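Okay, got some structures for you below.
Note that chain A is present in both complexes that follow, paired respectively with chain B and with chain C.
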Partner chain A sequence: MFLDSDLALSALRALTPILLAALGGAICERAGVFNIGLEGMMLMGCFTAVTTSWFTGSPWLGVLAAALAAAAYSLILAVGAVTLKGDAVVLGVAMNLLAVGLTSFLLRTVFGVQGTFDDPDLAGLGEIAGFSPLTWLSWGAVAVAAVLLSRHAWGLRLRGVGETPEAAATLGVSPAKYKYGAVLASGVLCGLAGAQLALGNVTLFSENMTAGRGWIAVVAVMLGRALPLGVLLAALLFGLAEAAGFRLQGLGLPQQATDAAPYVVTLIALFLTTAKRRRKTGAVV
Partner chain B sequence: MPGRSRRTLQFAALAAGTALVLTGCNAAAKKGESGEKGSKAFTLVTPDPVGQNEFLKLAVTGVKSAAKAHGGTSKVYQSSDSASQQQNLQAAVDAAPDAVVLVGFEFADAVAQQAEAHPKQQFLMVDACTKESFENVACATFREHEGVFLAGAEAGLLSKSGKVGAVDVLDTPQFRRYSDPFAAGAKHVDAKARASTRFVGGQSPFDDSARAKEQAGSLIAKGTDHIMAAAAAGNYGVFEAAKAKGTFAYGVDVNQCPSAPGTVVDNVVKRTDVAVRDGIKHILGGDAGKNVSYGLEEGGITLTGLEKDVAGSKCVIAKHEDVLKKIAELRDEIVDGKLKVDDPAAA
Partner chain C sequence: MTPQPPDPSEPAFELIGISKEFPGTLANDRVDLAVRRGEIHALMGENGAGKSTLMSVLYGMLRPDAGTVKVDGREVSFASPGDAMAAGLGMAHQSFKLFDSLTVTENVVYGAEPRRYGFVDRAAARRRVAELVEAHGLAVDPDARVGDLPVGVRQRVEILKLLHRGARTLILDEPTAVLTPSEADALFGVLRSLTDAGRTVVLVTHKLREVLEGSDNVTVMRDGRVVARLRTADTTADEIAAAMTGRSVALDRVYETGAPGEEVLRVSGLTAAGVHDAELTVRAGEIVGIAGVAGNGQSELVEALAGLRQVDSGRVMLSGRDITHASAARRRVEGLAYVPEDRHAVGTAPAASVADNLAMGHHRTALSHKGVLPPKSVREHAVKLIERFGVKASSPGVAASALSGGNLQKLLIGREIAHDAPLLLVEQPTRGVDIGAVQNIHEQLIAYRDAGHAVLLVSAELSEVRGLADRILVMYEGRIVASYPKGEADERTLGLAMAGGVDSARPEAEAEPVVPASRTAPTARPEETAQTAQTEKGA
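Moving on, here comes the complex of A and B:
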């Protein structure tokens, strides 16, 4: 059978890290900070989660430490882009590069291994009703973010700061404060995404283990128009495309073709959503 | 806004600089390990830090034992990135030892240049070769497919479902050496055995253990109970998937059984030490520039189960002496040429 429950489970496992990171990206986008450092923050989360779980024996402390470490790492973007008014794209790229080098270096220094740290005694996150606890948390986070952004005063101010910072400032809202908050929140979410990947999806750390998931999250933010529900749907689409790709290999499709599945899906989705939007708004360009 | 862009640049430079410092500092610092002065000198240049990398540790063992055998000295230059690979190769050539030994495909282009520029310097490339052949470059390559075939035979003998599979890095002829012969081996001992392969692929196929785990999971969901793991760092993901469902896996290059005892059945081991030791012997014996392929016959490829220390290997196969007996027979047939293993990379 091609469409079986295994496919759905596989898709949901692929979804969680991307969804958490993409939610972080969406919050930043709403606050007017273009965050492409998701990949790097996630990788910092992976490493911190594994290190903390290994030395304390508690995967939960690992999750907590991953969230804190990635939030601290996200300060590079907050200070650089908000306080120093640097280019967020350059900062994001630098953060991604730095994270790969830094975690590889720390892997050698802390564990004395190169490439991968894996040990049968490393404690991973268990499952609650078939899913990692962070999977459940990610669904909750989508709901909270959706309500906050559309209904709560914080969310409205955050969006105001993102759309017209000058107007927000004249109303007594500090754009810098909200932008810092958004970037730190994305750090926390990416840290959780990293913890899910390194202690949930698998229980190990290997260099560059995020393997482009942060970039997929960046695309999910754009595809989902930075709306929490839109981001959820976009991330789900990627998860499904990836899981379906694995199954298609089983049916004899070459790997090079199944590799392209998520990107083909992205392009189709982009075409369809932009065409629909254009009809709705009647925009010419 | 000139002020703004200058600041951006400063920041980017700072961040990039930090990354370089962090990743690059191993390159120069870890050189050394020279012994007392002897008549012969050998230098090994590795593509990565040796650290806990079992594959490179074996290469170090090989160059040391060669030095001992020929009463000479050995040096090991450990690289950490492509820049330090070039620097270390240059430094090795500048010192003009009797042989410069390089491990890995990363060196193929650089060695070709150096071999042309220094015709009197002898090079030994292990696990790779230059595109053109040079009189002063000897290559030691491996016939991995022979060992993978034996692992497949083990899987065929041990499988309860009659379904075996492989999780491979990429769909290229070179990597198919780890999947096609596995299927052939299983079918050789069990004509009804069925085999399938999944390729990790994606943006970084060598690092993505989560993807490799999902691929292995999709094989297990179809009833596969013995999986060849040839997914680089992804192997650990394959082991996790196999362990979770009580199925079995096979490792590559070195003994990977300790990372998942009770799950990993056996490993297709590449004896880099044998290749380095013999390669140096050939060079000193006047057979410079000769390419040698190492398989079961030369002892360059073997299974952990066929080695002497199998009992202490933590491999599942240690408990199946009857299977090992049959595998040893198959090995002898391959060595004698009675049984031929197809090489997917031979075109």
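Moving on, here comes the complex of A and C:
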């Protein structure tokens, strides 16, 4: 049987980093900041988590440091796009490229290795009832984000800021403040995503280890229409694709082909949803 | 309606000696304005007269260079709109500032939500909005999504926002700019009920008719100064217009009938999305006007004629040639010029220079030398048209976006008239144009007709259609429902036809249509001429 509970479990594990990052992306999206720097923020989280865990021996301090580091890193986007009114897409791409270079460089200077840092003494996160604590946390975060966005005054204001910032400003709600908050929140969530990837899914750091998960999270934001539950469903789809990829590898398919599974699913999903939206709006060009 | 007896002892606010200078212009020059509690006070003036600057000073968005602001008799100095709101002022901007995806209730309480542990207390918010709706007869569903509402109702949501924040003085900037006549009437009903309840309304507008019908007092500004303070009951449209422009302006002039010749345009059985079975002809030396409430197929009809909308069935003949399915470019070759409704997005390229904008369309014909446009010819062409049509532009090289609405419209109409095409399609030629420029545009269209061209005019301004058109067609729900020769339809008849108060489609009927006496159209809103409004006020 191809689809069984093992596959489902491994899908749930694979989805956690994507889900956390996508949740951050969704919050930014609702606040009107198109955040494609998720990948870079996540990678900063991976590196910080591994480094801190290695030097302190505490994976939990690693998680905390990852969240703080990625939040600090996200300030590039906040300052650049909100205060300086730069192009969020350009900034996001730059952040992603910078993160790859910066973490590879630091890997060499801090650990003196190239490619991968891997050590049996590196403390990982462990499991609670079969899942990483951050996996449990990610589900909680979905629920909290859903409730805050739809019911809390912050959520109402954030949504308003994202939709019509001028209207919010005339009512005394500062769009810049809410956008900063959203970007910083996405930084924290991406830091957690990175910690999960480097100390949960595996226990190591390797150059560019996020391998496009941040981009998949961006797509999950679009597919899930920036709704926490929608993002959860989209992330689930990608988790399933990743898990199915491993499974197919076990069936003898070449690794290069199976590794492509999540990306192929991404492409198909993008095609289908944009085609559907086109039809709905009746746009011809 | 009886104006509230104003209580002179209680000004809602006073502006004393306000001056504000921007680099190059003195936007406000020692302006005094006192508005009494409980009145509807109209602040009038052409674009650039200084109204917006003055209101921005009052609302804490600009700091005056000199002068004092007093609210409820106390001297104040607002650093932000937030301060002004706290003092009981509220401003609704010309372009609505609403969240389309949120409900009415959410829009109204946004930023000042009733809360419980930080969460929006939705029941309390809804109750609050329902109370405000009830108290002021605003007829808005608190649960409706704002994006689904017609503009007239959105305007009420803007007012609810101000009321929720406790505004005692409401400043409305061009509140009727996007409203249909009946929506505007409804708005004035709401404003009157607000002043009856002791609130004060300041109306910033350049629409004479509304001011005459709906206000108690008028202050007119020109070139940064107050040039007239008038009691609405004692004034006339002509007096206000003269104060606004500094010269006497012939308002609502009815021009001589033209001398129609050969048929230029024949439309038979034209059906397209939004247009059903339209029949019409336009002859050389004739202006045919199409009246109708916005959204009844006029734009769609013109687009189908201009080649921008696919024709499903029927025929369009231009000077005897079939252009039903011709491209827009082909139609221009066949002799069609077009002034579209949206001059910013469709009619011109705002980022391009005035000269380039004037060259557009002419680039295929007069200006092209074997496909090359010599910059010298483009410039000369521009200089010629700028002079001929009185466009105020500092040079042909400035961006079109730097022109005022009236000047941009003169540019657009001039460019199209210069084609000398047998047929000119004109949509909303004077929407948003200062009254000083309106007359100029009207005279251009009449001169074009008198030179033996055919003109099809679409306008939401009844006085414009009545003044210019030799024949008036009325569109309702995509059909042409009535046709009147010049002078045979008063505004009341037209208003009724525009609201669908005509029996059946009577394309090209020359006689006055039979209007069933039993059917009164509540949405019909015969626009008053200056004269009738005046007598009404005087009565």
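The rule we apply is simple: the second predicted complex is superposed on the first by the 247 of 285 C-alpha atoms of A that agree within 3 Å, B and C clash if a C-alpha of one lies under 4 Å from a C-alpha of the other, contacts with A are read in each partner's own complex, and residues count from 1 in each chain.
To be clear about the criterion, contacts are C-beta pairs under 8 Å (C-beta built on N, C-alpha and C of every residue); 3 or more make two chains touch, one makes a residue touch a chain.
Since the model is a prediction, treat every value here as computed from it, not as a measurement.
J.: Both complexes share chain A, so when I overlay them there, do chain B and chain C fit or clash?
T.: When both complexes are placed onto chain A, chain B and chain C end up side by side without any clash.
J.: Contacts for A:164 in the overlay, against chain B (first) and chain C (second): which applies, first, second, both or neither?
T.: Second partner only.
J.: If we overlay the two complexes on their shared chain A, which of chain B and chain C does A:187 touch? Say first, second, both or neither.
T.: In the superposed model, A:187 contacts neither chain B nor chain C.
J.: Please work out whether A:104 is in contact with chain B alone, chain C alone, both, or neither, and reply first, second, both or neither.
T.: A:104 contacts chain B only, not chain C.
J.: Given the touch rule stated above, what does A:243 touch, chain B (first), chain C (second), both, or neither?
T.: first
J.: Is A:206 contacted by the first partner chain B, the second partner chain C, both or neither?
T.: A:206: touches chain B, not chain C.
J.: Give one of first, second, both or neither to describe whether A:32 is in contact with chain B, with chain C, with both, or with none.
T.: Touch status of A:32: no partner.
J.: Closest Cα approach between chain B and chain C after superposing, in Å?
T.: 11
J.: Common interface residues of chain A with chain B and chain C?
T.: none
J.: Which positions of chain C touch chain A when the two form their complex?
T.: On the chain C side, the touching residues are 81-82, 85, 93, 97-102, 106, 110-113, 115, 118-120, 122, 161.
J.: Using the touch definition up top, name the residues of chain A that touch chain C in the complex.
T.: Interface residues on the chain A side: 151-154, 156-157, 159-160, 163-164, 166-168, 170-173.
J.: Note which residues of chain A are touching chain B in the complex, please.
T.: Of all residues in chain A, those touching chain B are 4, 6, 10, 13-14, 17, 76, 80, 84-87, 90-91, 93-95, 97-98, 100-102, 104-105, 108, 112-116, 118-120, 197, 201-204, 206-209, 211-212, 215, 242-243, 246-247, 249-250, 254-256, 258-259.
J.: Could you please specify the touching residues of chain B with respect to chain A in the complex?
T.: Counting only chain B, the residues touching chain A are 4-5, 7-9, 11-12, 15-16, 18-20, 22-23, 26, 48-49, 51-53, 170-171, 196, 198-199, 201-204, 207-211, 213-215, 217-219, 221-222, 233, 236-237, 240, 259-261.
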